[in-house]
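After the structure tokens below, expect a handful of questions from me.
Chain lettering (A, B, C and D) follows the sequence in which the chains are written, and residue indices restart at 1 in each chain.
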């Protein structure tokens, strides 16, 4: 991707479906809020990222009791400042799109609403930390802006690798699920409620924490047979950990290869994707330049 | 594998050895139960998967004491409902195969029996959770059906990679076993029973949990020498964790390469390794057969 | 890289910017302290590595209370011995470079100062273990010498692989940060302060320790929903652990390929990619230059 | 490696340096004990593996207190039975080699002695479990026989991959050591003895257990700054775990490639190692057969 392409990516508008107004102040507002190819648009994006991060910091600090006890009023004021700010922004987005219903129903439309609603709800129902939890969804809003950045290539490459491997990963996970279910049940039978394996779901939770090599240690096998099975499970988990790594690793290597292949183009039919050692175009048979 | 091949896989019958009756209601029943290329066969498979998952859910919920105390009767009823259902299915399988003895001795025949037997046994011997444990083997029955699905390619590819690596993995595991035995014994000598390393098997269990990076924390080194050895073991375990990953990763990359490249040869210069989409030989420019 | 190149690396001077005096005792001192291609320079480097390691050992032993209580005076004496030694060396470095200000501001100039300053500061302000901590930065001084060794190729190759992957790793880490923030907050809401998840930062700390498969076990989910979410997080963490491995693995494979293949081109047909040991072009049979 | 080569491996004698006697009963004994290409030699090897494993089992069971209390006499008898057996074997090895001093000083000569000595020593000095620990070295004796098996290819391939990567792994480990030392000291300064980080070695032990994702949980950060640093360390450890995996993975892929390359030989100069796509011998320029 050369410099020109990058510019295209930066100025492209993923919100086109929402409908940019033809002119007037609404078109100008749209350019600032939804686009990022003008100085004002870029400034708006940067300010928005800053506001989101600060508002998330307020949510996080409110959850820390000593800080909340001491600076509660300031945090409360900050929370309302950002709520009002995001409300203004939310309304502005409605004002400048042609199809507001489409925006309201879109993924980011819902996230934008979830970012401001909890504060208003908490005026009537003071349900402490559940409401705070929803506020943290504001973080997702950052992704709207990240989509427009220079890192889009890396995102898409990693995404492609995961997407191309999704069937293999599904198969792998289904086998892992079967194993943790069977071995978790075995441990439930072997260790029993007297050693903390109070039910099959608990034992499966333990089996997952063991095979993923997390090993919290809140539940541990205490019988000799249990420890033997656990040892086997740890080695097995260790071994099959290699499988997803191998899948992704092979996929990334393949994707990189694809990108390398596509550099040389045929002078006659302009097809790309020739191997480095190829001397004739694989599509039309013309001699390729070295 | 093109569309036709996939159909072949979907309609192929891995149970052929059991013998499909020539005609009559038994052949029709066989087609429904053992095959999946008719609408009725597919419906049966879907219903069976649903029944298996629900019956496993009943087993799991029965193991959770608060739920078992509250809804014990419903769960008991559900358990018997599925037991009778699977018994009917088990008998039906016998009725429609030509060689019932072969079915009874086959892997899935045994699993099918293990899915229903515990309930009948528990009528006479009420051995609570051991019996439940065996019931969970019902999960394995799902694999009979999965074998016939579109995911068979991914299963076989992962299986092939593991199979091709089995000698390397065996060698690797034998070395790992030797290391955990030696280092576990060293820790038993160094830390001793007074720090919880009560016997060599216990110390080996600890060594495995350390080198696989699980680290439960139920046993931890307390002496300075013990901690030094443990530090060394953790770094060693971390390092050799790379080996199985490398083996599998290299194998999957190799298998992918084999599938992509080995398909076609040039009719003129006999060179191989053409890309799937190539239409002309990359070495001599001759038109490739499709 | 052949023997001659290695010599070049060994004798090259990464400190050239500091300015080597034209002659006299200062040039001789410079050659000993900053260069390593004379017997005296090598001897100085070896002695310096020894002194650094011993002085670090003194710092480490001072932190162990039983040893500090018993051999406190010896350790104190050793500390001052090395402080004076490094002070002399520090002054000597100033004396023999042309641009002392540049040295004072350079990375290693600051590290050299941080290696001796704490001891002098502790004469006035006896702030026990914080001061010791800074002393450990002496370890970094070893890297100045390592830069000149035969291992420079491996360092640069690993460094290049990490550098080439930095954008992908940044993207990966940003996604991981988002996930641990969101899931940590979910756990804070679900488990709440009564189960130890006292604040969002604490819950995020737990989420990181779970998804990286560390699993200390100081915080563990206690509710059923919490355990279910934790199980999901462990499997997710396990799965995405494969991504950085795949990135680095693919990058190292690529770098290796680049180094091996890009060295020579055929003088007749200009084809590249010949093996290091090849003597004739694999495409046209012409003799390759060595 | 074809069938004939494998036979060569199986019949080759890694003990040749010890000197096989020219004839007589000593040559016959040598063939049985040191070689494995005669039926008697193979039977001896199998019997020896069995005896070693059984004697190790005796050592392991002796360490389990309940079993030792109950079957102490039997285990004691078994221990002496194997000690006498291995003593006889040890003497027999001396009798049939030409250069006994070389055997006594060889790696396996020392291991053989260590396998029997502890029992005789314990007659005079009854130092319980330290002596048992040394006995476990018997396990290493199995490797003498494994060397001669069909798995030698896999052993050598894995060994080659590790050997070829040893410089990169050394560089990697030196960087890891530096990081755990620096970050361990930081945690010692931040958390201090009051939170369990009693000395720098203890803090480094914790840093290793954290960065290798083992996470025992015997030491955990309790301050906010400590938890922040720990979070950073876990993510860092997770990231750099990818490096050794990438190194080994790339090396195994390379080794596999080397083996594939070496299949086609030049008809003129018999050199091997041509690339799959090469059409002319890279060593003499002759046209290669397809």
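One rule holds in what follows: a contact is a pair of C-beta atoms (placed from the backbone, for glycine too) under 8 Å apart; a residue touches a chain by one contact, two chains touch by 3 or more.
None of these values were measured; they are calculated from a predicted model.
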| item | value |
| --- | --- |
| Interface numbering overlap (same over half, different under half) for subunit A and subunit C | different |
| Far-end chain from subunit D, centres as C-alpha averages | A |
| Copy-to-copy rotation for subunit A and subunit B - C-alpha atoms, rounded to a multiple of 5° | 90 |
| Chain centre separation (subunit C, subunit D; CA means) in Å | 29 |
| Mean-CA-position distance for subunit C and subunit A (Å) | 30 |
| Whole-Å gap between the CA centroids of subunit A and subunit D | 43 |
| Two or more partner chains touched - positions in subunit D | 201, 213-217, 241, 245, 247, 249-250, 253, 277, 279 |
| Residues on subunit C engaged by subunit D in the complex (per definition of touch) | 56, 59-60, 63-65, 129-130, 132-133, 136-137, 139-140, 142-143, 146, 151, 154-155, 157-158, 161-162, 169, 173, 176, 201-202, 204-205, 208-209, 212-218, 241, 244-245, 247-253, 256, 274-275, 277-287 |
| Subunit D residues touching subunit C - in the complex, by the definition given at the top | 167-168, 170-172, 174, 178, 181-182, 185-186, 188-189, 192-193, 198-201, 210, 213-217, 220, 224, 227-228, 230-231, 234-235, 237-239, 241-243, 245-247, 249-250, 253-254, 273-275, 277-285, 287 |
| Residues of subunit A that touch subunit D when the two form their complex | 213-217, 245, 249, 277 |
